[in-house]
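Below you'll find the structures, each written out as structure tokens.
Two complexes are shown next, each including subunit A; its partner changes from subunit B in the first to subunit C in the second.
Here is the complex of A and B:
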């Protein structure tokens, strides 16, 4: 008998409503590393998987958006803790996917974890920073509060497989939205590992749903879906961007346009992404005298 | 398929059956036992049919026209019933060609409001009665409950059977009670709720179905919606077998109404397939098959919009009940 141990190949699945289903279509596609060597088969989500994911996100929305900002912060911080526990795995996956050296991969993973903590800290500060009492000329107490937009579909960056992904989804859920993210088409493995982290954290099922597959196949369905309230085109194929915006306008979605090229994700962001997916509600309250 | 099918008896024989307590008991206990594995397998098999495009549109519209739009909450108000009646008349204001639902189902004290709102529309008003949902009261109260609902203008009455009496073997008492309620109904249609979730096993469901049919129920209905499990496909299939066999024996059409737990278009279509395959196409009409549901309607409307508009619809595009 040989001493050599057979490697246990991992099955990569979708993450929908807190569960790990295979694609309804039964399809999968091979994922290769930066040198073209086979890494694993990932589920290739269909439009029906996207529909299920949106339904799960809609179902999770009332609970997540009504959770106190403090509680959301705690839950997100816990996710960061769990990410830290899987640090080594993420470093390897990022090296495989992006072909970066170990030191760079370490930097990317550490920054991703720090980014998550950074957004976790914002949850209970948003209302003060973005809202507040407004001075008005009349006998009214007038104040504004930010409220989450709703279900947000995100097309994750195609280049940065973990840091880019975290940088676009953390602000979505930090603000109280629920999210359906289509992972980068050719580098989906860190996103699946991230969903395993989420499944063992305290994030309620359905708040974040991860689909792997062809961005160009799934994006039009998400852009047209009436249950989706906002669309982040960050990782959309260039040829599709215009059409996706037009489609999204059909159901009056908030659209975050894609950057010309992927930004340098390691730079600490501002709160633009948080603000883009919050709606300001202004209340006029009559006061006596 | 002939297994598990009750013996077909000519009409005359049923008079013998309902002659007295012991003959009724003999008949009910002589009904063939249900093959549980076979029943559940067939139900699962029928649920795998794929219905697409034009057939799906037809199924959605048919299902909408079969809905008994229901509100049975302690918190019901005349305002809520009025809203529901408006929705029953025109389920989707964006698409006037959506058919109206079959009936609105409310508690007896809300019947008057519903009747006022729905007069002249052809939409029925169903009222639950007989100490719904538990059925735990004396017969005078149950009959008074029924008479009140009918006087208020209910065109259909949904009664519950006394499950306690049924389970302890007092079939005759249940039989007489259904007959008495049927009499109190006058011209109103009588639906007999078996509450299958509280009957132990499929054999009891078959007995209760036949008991209700023998006593004169126009419809047999699975559940009140207050007990889990409510309607399931196997149970509905069993009840459809009973009405089919009743028709074969007597030539009379009786209806079936699954109620509770049917929330999605997919579920509704599974039921329609089952109706078609088990009872036959004759039963694919609101006169003989109903869905007791409230949230199902919104899902049907969303699916209908999805079919017409080519993209998935959302909850913001249907009315909130």
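Here is the complex of A and C:
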């Protein structure tokens, strides 16, 4: 940072429907670094913001779920490209947010970039790996294909501000779902910068919507919302997890339970997250002359 | 033209009905300590037999027995050995198929031709298919050594009593789990004969436990802390309660719930085939089918003609004695279900839909409901939104394919759907657009153990059947 000039500080906002609004509530909350020093004010999203985000995700679902797997793969790869270009910025933000040393921050950012690439490569393999033809005992052609579950609400990890976030949202959209994610409450700034990456990655507006604010305030509305088809409790406060799952039962949501402790996100994932957010559709047709 | 048929009744003696049945716990038939229940023949309202039921204490005993069997025997047994037990069970179901079919028809009320040709053969096929998986799980796509979960608590409905037991037990056992299963209150008998088959097959004690009882026993079972897996087939209402119960635990859950399937007929459909498919879609098993084609969506230009042909065909359905091999539509399973069907159809009248009822004669005794078609149904009507679970079809019309899809998808459910068209591209397009787990194109109500079955949205989650169905019983 130059000594001569005052840096232009960024305003951190929400990301809903491809746009960057402030919270309709007008609220913000201070975000501090690991030493307690002020970093920035983040938007404190409200119930109404959450509902706007769900509406945007629902609106984006038909287009994104109908996009070809090849197209989705290229968009996810484009996210990796854009992220790579901002690598240094993310390393600094992750160091600030998580208080990790530079080497560790580099590893976390590099792994986050590579994770987008990993999921980008999955989009056009899911149907082959998870679906297929079923040899029924009769004159029918029968096949199964995976389809996206719909709108997925994600409570992002509270510890890993970038890699953890990417690890939970990339599989959602790789499968053709659309997403509303509540960023880690106290470490939200990398998620906002990631939104800027998403906005310039050919990702259609509304496919991924990022809310910052109080997880415990927003989560119950998302768990109850009838337009939300699945709920990932990854970053849910322990005291709320059961209640959120009970609420989700009201509309038979698919629920991804929280891990006992936040996993080591640098390990290459398997396809559980992809599979959990896909529905299998089976089609029958007679065979005959 | 009317065809006259001489009655061709199946013999009741073949069911080998016993004066009383007991629950199956830890390899033995024992007296349950719950209040015994009397199970009726819904076609005659006569008591068939008395069945001892489980108490809360029995649930605990059964779960503990299943646990012991899991720890000491079943989870340690090589898959190839588990497979042989399942193959044995499949064969024994085939050997006793006529007995099972007659017993099923007596207890459930479904026509003998359905229990004989659908329920029992499919139950055997489910065991046969899953038997083969037991030593091939490493090839199922869930990693090199997928592990079982433990004790599976399974609660099943009354519409396909034996078949649902097979759908639940076969994959659970193939994957190395042990089972405590609660059959429906009104239809416990064939599951208890299946227990006898398990015993004859020398299945180790505790691997399968069968506890008859009412809803509260099911609730107790799924809430038991030593259960690792819960599988439920039944109403969306109860499914939601079970999902709430399981919330906050580590139990794996799969739900197969209600439906309100759209059966879409486009103007280029082969009408005679479509009529057969519509009839099969809604009147198979008296419409007591979660995936029944209960909403007919017909393109406006052919609606009048289709409805005419449909009514003519429905008029030929023979409703009555389920034991008669000529019967097409049997008895409604219970007085409670009959009351529910009556209530919803009266609401259909009140909401302004036009009711047509087959003029077929109905027996004097027993729970019967004549095949019924409501036309001029609007989307907001309750008969277009709620599952009736009976022989009642709601007919709606559409003009464009897009409108058909919108209407088809306009329910909280998403279990199944049907498409009728002679145009390949339109069929493939429609099957893509429909938000449902099973789509039948130019056919309806087909089932097979290799074919995954299960819903979208509030029709539940998880699949049963095929490779995909194994996931529900593996720690993956």
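To be clear about the criterion, the second predicted complex is superposed on the first by the 285 of 289 C-alpha atoms of A that agree within 3 Å, B and C clash if a C-alpha of one lies under 4 Å from a C-alpha of the other, contacts with A are read in each partner's own complex, and residues count from 1 in each chain.
Note that contacts are C-beta pairs under 8 Å (C-beta built on N, C-alpha and C of every residue); 3 or more make two chains touch, one makes a residue touch a chain.
As the structure is a prediction and not an experimental result, all values here were calculated from the model.
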Does the superposition put A:249 against subunit B (first), subunit C (second), both, or neither? second
So, A:142: does it touch subunit B (first), subunit C (second), both, or neither? second
Taking the superposition as given, does A:54 touch the first partner, subunit B, the second, subunit C, both, or neither? first
Which holds for A:221: it touches subunit B only (first), subunit C only (second), both, or neither? first
Between subunit B (first) and subunit C (second), which, if any, makes contact with A:124: first, second, both or neither? neither
Just checking: does A:81 make contact with subunit B only, subunit C only, both, or neither of them? Give me first, second, both or neither. neither
Which subunit A residues contact subunit B in one complex and subunit C in the other? 226, 250-251
Taking the complex as given, what residues does subunit A use to touch subunit C? 129-130, 132, 134-138, 140, 142, 144, 149-150, 226, 229, 241-242, 245-246, 248-252, 254-255, 257, 270, 272, 275, 279-286
Subunit A touches which residues of subunit C in the complex? 125, 141, 143, 236, 239-241, 243-244, 247-248, 250, 255, 257, 412, 427, 431, 436-443, 446, 448, 450-454, 456-461, 463, 466-468, 471, 476
Give the list of subunit A residues in touch with subunit B in this complex. 51, 54, 58, 221, 224-228, 250-251
Given the complex, residues on subunit B that touch subunit A span 305, 310-317
